[in-house]
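Provided herewith is a single structure, encoded as structure tokens, for subsequent inquiry.
Every chain is named by a letter (A, B, C and D) in the order it is written, and numbering of its residues begins at 1.
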Amino acid sequence: MKVAIEALEELVTANRILAREGVVDGFGHVSIRHPARPDRFVMSRARAPECIEVGDLLEYTLDGDPIDPGDRKSYSERFIHGGIYQARPEVHAIVHHHSPSVIPFGVTGARLRPLMHMCASMGYDIPTWDSQTKFGDTNLLVSNMAMACDLAAALGHRPVALMRGHGAVVAGPSLREVVFNAIYLELNADLQMKSHALGEVTCLSEGEVRACLATRASYTFERAWERWCRRAGRAYDERPMEGPLTRV
Amino acid sequence: MKVAIEALEELVTANRILAREGVVDGFGHVSIRHPARPDRFVMSRARAPECIEVGDLLEYTLDGDPIDPGDRKSYSERFIHGGIYQARPEVHAIVHHHSPSVIPFGVTGARLRPLMHMCASMGYDIPTWDSQTKFGDTNLLVSNMAMACDLAAALGHRPVALMRGHGAVVAGPSLREVVFNAIYLELNADLQMKSHALGEVTCLSEGEVRACLATRASYTFERAWERWCRRAGRAYDERPMEGPLTRV
Amino acid sequence: MKVAIEALEELVTANRILAREGVVDGFGHVSIRHPARPDRFVMSRARAPECIEVGDLLEYTLDGDPIDPGDRKSYSERFIHGGIYQARPEVHAIVHHHSPSVIPFGVTGARLRPLMHMCASMGYDIPTWDSQTKFGDTNLLVSNMAMACDLAAALGHRPVALMRGHGAVVAGPSLREVVFNAIYLELNADLQMKSHALGEVTCLSEGEVRACLATRASYTFERAWERWCRRAGRAYDERPMEGPLTRV
Amino acid sequence: MKVAIEALEELVTANRILAREGVVDGFGHVSIRHPARPDRFVMSRARAPECIEVGDLLEYTLDGDPIDPGDRKSYSERFIHGGIYQARPEVHAIVHHHSPSVIPFGVTGARLRPLMHMCASMGYDIPTWDSQTKFGDTNLLVSNMAMACDLAAALGHRPVALMRGHGAVVAGPSLREVVFNAIYLELNADLQMKSHALGEVTCLSEGEVRACLATRASYTFERAWERWCRRAGRAYDERPMEGPLTRV
């Protein structure tokens, strides 16, 4: 069962947006769960996100095996996506990235916490997963299902987990939402470092984070998405406000 | 009574400039008081500032009710503008933004103070309004007149107020002046953070701020405006130096 | 006696380069001493540097009086240039700017010092002039000859002086050299702030600065100038290595 | 024996990439060892990297003497390359640069250490060479073989050495690898400064660095190279994954 071309184009757009906004450089990747087959996900072959085109997109099983790859090489960390989709049925999109301002929070004791309403969707409690704990000295790549499942367990039911010396994962119910969260995660991290240098920081309260999450709405993501499409040189596909955010 | 097309085009230009200069991203908004009807203001429908066109502009009552919106959705924080226009008859333009360097001053005890002559128009005393104080745990959006009036009271007769965990408002007698102030507020905040890291900071004295405010002139705003129009890809409308800055 | 069109085009190019490289924004200005009349200098009318064209250039006496301005308004701080040209016969070009990383050194006790060979041409000893000392509470603008002469005295025989809460002046024997120094002054300031946060900083020794100044050569400025012209969208005028750097 | 045009075009591309990604500005240079004559290297005449074309490339002996320069001037620091190629037969490409975030580590006691897997190829132990130690007060330029050999000795068998008050050298087995390392060295330095401000930093362990180095593969460099070519406006020359990375 084929994925609609609109969904594939949207995944290309997500790649280009994440590149344009500085969340990914030549590395990092974004996937969607297959709209019709929840036991599959869709992601590009191994290529820099800003170069990706529809013909680069591949289907994968939730164990990270590519379907019909031909001569197209896969990302060695595709397991991250499989592991999280297995553990989280409600998740329909995942970003793995090395967003620069996020790295310092993964390698120090400083806790990343939302300090601004736009960034509340990262949640109140952001864990840091360290591959060293269970897997010892590795090249830090999540290159098998054992590591991916351990990462997924650390993520739990949260939207974001940091990875020590590596990056972060962002998981959520729709592609536009995870792209939004990845971009505002980078902003929050940058602002938190700057705030930290000025003095004690008042982050959002737990109640404020809950209120933000309860009232987040698709039109927020839409407003940002239109702008990001324009900046990335991609057509904006305005969707009706009703219905699931992930067009299938 | 219709607003002249030149005034509408100028409001579009202001949106594009604020986006180009990094004061707003997909969020934030700028309005003008209706040139002929002081009980109305003009602002875009809910859309990212760099995408806005003349057809997106709507009239609002000072209670934040849109006139003839059709199917155009409004910003949920339009009340900010209504509340300040109600309280401040001399104000003809308002920007609400989440300018990145300004956020750290809203979430720490550090006081934002002008340290450079170009930034003196922010005034000497900049309050921080906290929605938590009167309204408790919310999603921080100023989405009704009660919150807007409370914010307007905190602003008082000043040109700038910060909003904890949220952003800032800039109010003034003309559109070009508030755009100028919003851009140089961001610069001052960035430079103040850097200066703070070097040692004790000598800000402008109260007398210097008064002298700057007393001698600010429309040609200062014009010189910057011509450049900002060019950078934003908008035509520069050179206005006579005489007369009110807000063309009506 | 008219200034050769090549010299005027080069002054336009200098304005565009300083804007492109972030040394000036809408404000700041650069001048050359008149090649044939040392009692005059050439500078643009009051306009943002990145908008300046040949037709904007005016001649001034060393007291800051414009010759044949017509309806073209002058920068209110043109006196800075007159004051320094009066005091320093060997100076043939001057930049006044508010380069962002330089501001923090003017408002704190931190001393700006060259920490990298490319930046040695700023000299070893950089004074900070404070308009408050002799002139009290002003709008900080150097808007008359008394202030300009006081600033020139603080500058003395050095290439650079900072101005508290305002910016800096860079003076030198040729236009390409002062542009070079202004751009690398900004870089040094940025790097010094970052180094300061890491620990005690080893700046260049006095002997190293002297060795850099003794061996600086026009081809260094040329190599950078070609690149800056390209970035600013201006034709590169390759000059013979012999002869004075300022084409007359 | 002439160098293949593809190798020369790739060297031009390397120059443009390093400029586009901010590792070099008007200064800094990159060379390859002559593919057929290991006693020669190829590098541009003295020109800003982003302006370089194939016609600017010259051959040099390992003593830094240009072959057939005609009227083309050489970089005064070409000896850096000769000295390292003499000392390190396995090295086929070298970058010398003043990458901004790297400078602070050369002028303070802070040690640059990899904190992220992408940056592990800089190695675990990065020395800082100080020209002052043996050569006293100079203009810091490595302008003869004595200085170059001293620098090469400090570098030893490592991929990277810092130069106090000056910059860094990056040496390696292929052009794409040294460009990759130079760009991620800059990133690591930036992230390490930011992390340092947050608290104690957990860098990669020696075992993790070893694991990263053992598993680095040409396809990693390829993925980045395609993107960098696109950003620099250069054609991407996709090479087979087999064979030496340096096309000869």
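One rule holds in what follows: a contact is a pair of C-beta atoms (placed from the backbone, for glycine too) under 8 Å apart; a residue touches a chain by one contact, two chains touch by 3 or more.
Nothing here was measured: the structure is a model prediction, and the numbers come from that model.
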item: Subunit D and subunit A - chains in contact with each; value: none
item: Of all other chains, the one whose Cα centre sits farthest from subunit B; value: D
item: Interface residue identity across copies subunit C, subunit D - same or different by half; value: different
item: For subunit A paired with subunit C, centre-to-centre distance based on mean C-alpha positions, whole Å; value: 47
item: Chain centre separation in whole Å, for subunit B relative to subunit A (CA means); value: 33
item: Sequence positions of subunit D contacting 2 or more other chains; value: 197
item: Touching pairs - complete list by chain label; value: A-B, A-D, B-C, C-D
item: Partner subunit B, residues of subunit A touching it in the complex; value: 115-118, 120, 187, 190-191, 194-195, 197-205, 207-208, 210-212, 214-215, 219, 223-224, 226-228, 230
item: In the complex, subunit A residues that touch subunit D; value: 25-27, 46-48, 50-51, 73, 98, 100-101, 103-105, 107-110, 132, 136-141, 164-167, 193, 196-197
